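In structure tokens below, several structures.
In the two complexes that follow, chain A is the common piece, with chain B as its partner first and chain C second.
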Partner chain A sequence: MRGIFYLAWRYLAWHRWKSLILVAAITLVVFLPAAIQVLVDQTAAQLGVRAASTPLLIGAKGSPLELTLNSLYLQSTPPASLPFSEVDMVRQQDLATPIPLYVRFKSQGAAIVGTSLAYFDYRGLAIASGRSMAVLGEAVIGSSVARDRSLSVGDHVLSSPESAFDIAGVYPLKMPVVGILAPSFSADDNAIFVDVKTAWVIEGLGHGHQDLAAPEAARAILKKDGDTIVANASMVEYNEITEANRDSFHFHGDYSQRPLTAIIPVAKDEKSAVILAGRYQARDDDVQLISPPRVMDELMATIFTVRQFVVAALSVVGMATALVVILVFLLSLRLRQSEMNTLRSIGGGRWHLATLAAAEILMVVVVSGALAMLLTWLTERWGTTVIQALIVS
Partner chain B sequence: MMARFYLFLVVILCCAGCGDEEVSESNQRSVDGAVPVVVAVNYPVAFMAQRIAGDWLKVEMPVPADVDPAYWEPSVEQVVAVQQATLILLNGAGYASWIEKVSLPQEKLINTAAGFGEELLPLESVVTHTHGLAGEHAHAGYAFTTWLDLEQARAQATAVLEALIHLSPERRAELGENYNALAAEFQQLDQRWQLVGASLAKDGVVFSHPVYQYWQRRYQVSGPSVHWEPDLDPGDREWRDLDILLAENPIRWMIWEAEPMPGVRAALAKRGVESLVLPTVSNRHAGCDMMAVLLDATSLIERSL
Partner chain C sequence: MSDLAAPLVVADKLGFAYDTDSFELNLPGLSIASRETVAIVGPSGCGKTTLLHLIAGILKPQSGRLRVLGSDVGAMSDDQARDFRLQKIGMVFQSFELLDYLSVLDNILLPVRIGSAITLSSSIRQRASELAKQMGIADKLSRPITRLSQGERQRVAVARALLLRPPLLLADEPTGNLDPNNKGRVLSLLLDYAGQEGAGLITVTHDSTLLDRFSRVLDFTTLNQAETTA
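Coming up: the complex of A and B.
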């Protein structure tokens, strides 16, 4: 038997290109449906866990998927904003603790999440080094941001302008890193967290500048008319909040009208969640309460449907491939007729010849199967991150 | 408008009969969960919380006794300490602007003035300025000595009561009892101030600082305000301005936050203006609680009228 396997191996090695093509074809036919199955299942599980931990989400009326992706996965374009007064409204109902979210700005691609301290407790995020933000302008960064940018406590991060062509837009804000989160293996690892008020400063709703009533600001005054002072372009606006200038920072407009992208209402219990959901359903204004698990289930259902089509198509391709492989082997046997005659001449029986052909097929199939398993394992190990990024973007 | 920072003027009043002060300045709070810690941004709110709660929680006001809580700025360490509190009681009306510049747990913040937000008085005479895209705007706010209107003080105490009941529903009866006692004291003083106000309004009043807006509105005592510090001579210019004011308005009383310098008191008396002290009690007084300070001051005023 060893001789037969040796002959089969030598044949496959001699015709290496034909053998490699056969192995590659069979490997792909086995690997692709398995990989799709693994990726979809893992993505569904990961997205589902995050969604399941956020059963309710309040936002402005619009795409629930966009709201969910922005608020839970810190991706996608920002949804329409809702006023901060909504936080007070949730609080007054005494059914849930509202956690404000303002996920609009970025720093070198990383989402800047304007929120409150309650977010860290809610997501179970622990500070690995440093501390949580305490004063306006401070930032706590996710573990991946710290690792990728080699940042540590005491370094700074800079908010990115929303548009390179918006030269009249808000200044980038330089924020000291006061804390680094422990890895949570979630979207939070890739985010930068600031107080929601700091996010409003980034937007320009709050800012700090020279005291225009002070004598040293005389050069920055364009016009003075009674109690009204008009400043010129030379007025110094601060792009970093420091201990020295913190007092000069102030906000404009009504506090209750400042924008948020979402509110996570952490309901007291199941009953409170149901009551809250009911109250929002009864409202006919521009605010909606959605269920992220339901939104993600719908997204996953769409993906599962697509997967079924893809797997069905791949199955047909697999059958066709199997037929082609069989054809290749049959043609190969015909082309090898003289070789078979030689084997018969030196004493090889029909059984030996059949075993030799089977051994060749078996070796190709085993190698292909092993390769397909290896690739599936690699996909299981590292493929989810890639596919999740593809889905959410 | 008042300067952003100035040393708070310690009121030196006769404190006979004052009880022990219970509101703590300490930032070292228990984190073992055994004793809830309530942080208040000023003394009136801290006083209300302590009176209503009794001994089952610790009320702290992390502002040094010689600093006006309205203009106090905490260090990062102090902010981190405040973040650990069970409740953070705000005065409202924009009091303690540091609140806007720090990260505090939203769910712990209680705005005690929320119930009368519509009735807050905007500050007058603020500088409006224009720059950038923000358009014309002013860094102004509201008058914030809300508790000097004792009806508003009662509303703030009600907000404190509700927050404490929410924190400890099983103490509802005890808290309600304490609140009723405090509200009754507010009501009695309110009635005395109504009479004081009626008497003062007849003679004309000038205020040493523009911090009595709600007191003026509630007790119907109108009058101009100057910016005089009790521990400083106002200077020639201020005296000249006062003389002009006196020439235009019949004024017999000047209301001070604290006892003025003897020389200033005498110089005013020469002009026919008598000094009265009505402390704002924004910060704690050594050995005296808020009601004791206000009752003593009221008795002195009543005797003077």
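Coming up: the complex of A and C.
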């Protein structure tokens, strides 16, 4: 039998390209459905972990999925905003600690998360170097942002305009990096954290400029009516908050109406969470309280359905490939009829010749199966890392 | 039982026909003594190769008796015929019938690899190397067959046929595809082996220039008494 396997091996090695193509085709047919199963399961697990750690989320009425993706995974377009007064409302009910989120702006693709220090505690984020943001304008960056842009404490990040044509609106704000987070293997690794007030400054709701009462600003003043001063475009407006100009920064308008994209209510206990959910359900204004785990479950149910279709399609492709492989082997046997006759002439029995053909098929199938198993194992082993990289990118 | 002293071939009223055509073979009698070197001549399609296949046990006679090296090949099962062929008969073909995907050495060792009756041992490997040396291809043992000349290929085929020291060599136009130099060389290798080992040689050939080197020449058209020929 060793001799037969040796001959089969020599045949496959001699026709290496044909053998490699067969092995590749069978490997892919086995590997792809397995990989999809593994990746979908791991994606569900990854998304599920983040959602499970955020059982409640408050936002403006609209798409719960958009709200969840924006608030938990720091992706998708910003949902409609809700007023900051909602934070006070949650706090007054004494059922949960509200963590404000304003996830609207970006810096070179990384989300700028306007929030409070409570967010770090809630997500279990640790500072790897530097410190937390303490005053207006400071930023703490995620580990991936620091690694990808080679940033360290003391460097700066710049907010990106929302649109290339936004020349009259949001000015880029230069923010010093005061801290870098330890890797958390979540969306937080690729985010930039600022105080929610800094996010409002980026939006233009707060700003700082030269003291218009100072003599050097006289040329910029158009009109003075008591405390109200109207200045022209020559007035110097600051795009970086420094110690020297920090005091000049101020906000206009009603504090309670400043925008947030979401609030994470950290309920005191399960009962408080239920009561809070009930109260929001009873409200008929533009605010909603959603359960991110439920939203993600619905999303995953859709993905699982799609997976079933994809796996079914791949199974059909697999069967077609198997038929083609069988055809290749049959044609190969036909082309080798003269060889088989020779082997029979010099003493090869029918059983031995059949074993020779079977050994070749067996070798191709075993090698393909082993490769598919190896690739599936690698997917299982490294798939999580890839998914995490995809989630944070 | 078969042995070197037994006649190579004894056929008595041997009959055979293919299902697919009108060819018939009808040998009233044929006897080839041990150690004989016989050339079988005749026009294409007259049944020379069929006779070789009957002697080798590849085909089974439909009537009559055929004893080869003392064994009734017609009565053998497929497995017995295969083992008989493997151990007692060396086959050489006009188109060499070597396997492209094997090296020279692996082609010589092929009879051992395709059968379970004989185990590949170091002595068989040594025998293969010695044969390669005799055939003048010792320096090409690891080469693929595709990189050999026609003459070298037929020498590989002869070495394969001689590997297990068969008492009977069957050669089907072994020099048909060779130039005059190689024709003589290959035939010498076969005849030398037969002479040294006391083996028999039955060769089908169309080459009249080689006939005087055989101990007997059989004209197949006079042997085959069938009325129709292919």
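The definition used in the following text is that the second predicted complex is superposed on the first by the 375 of 393 C-alpha atoms of A that agree within 3 Å, B and C clash if a C-alpha of one lies under 4 Å from a C-alpha of the other, contacts with A are read in each partner's own complex, and residues count from 1 in each chain.
Here is the rule we go by: a contact is a pair of C-beta atoms (placed from the backbone, for glycine too) under 8 Å apart; a residue touches a chain by one contact, two chains touch by 3 or more.
Remember, it's a predicted structure, so these values are computed and weren't measured experimentally.
In the superposition on chain A, contact of A:Gly204 is made with chain B only, not with chain C.
Applying the stated contact rule after C-alpha superposition, one finds that A:Ser332 touches neither chain B nor chain C.
By the touch criterion defined above, A:Pro98 lies against chain B but remains apart from chain C after alignment on the C-alpha atoms of chain A.
By the touch criterion stated above, A:Ile4 is placed in contact with chain C alone, chain B being left untouched.
Taking chain A as the reference chain, the count of touched residues is higher for B when chain B and chain C are set side by side.
Once the two complexes are laid over each other on the shared chain, residue contacts for A:His15 go to chain C alone; chain B is not touched. When the two structures are aligned on the shared chain, A:Ser53 is found in touch with neither chain B nor chain C. When the two complexes are overlaid on their common chain A, residue A:Ser291 makes contact with neither chain B nor chain C. Of all the residues in chain A, the ones that touch chain B in their complex are 87, 91, 94, 97-100, 116-118, 131-136, 138, 168, 195, 197, 204, 207, 209, 212-213, 227-231, 235, 237, 246-247, 249-252. Taken together, the chain A residues at the contact with chain C in this complex read 1-4, 6-7, 10-11, 13-15, 338-339, 341-350, 352, 356. Contact residues of chain C toward chain A in the complex are 53, 56, 58, 78-79, 82-83, 85-87, 91, 93, 97, 99-102, 106, 110-116, 120, 144, 160-161. Put simply, chain B touches chain A in their complex at residues 4, 73, 76, 79-80, 83, 100-107, 125-134, 136-137, 139, 166.
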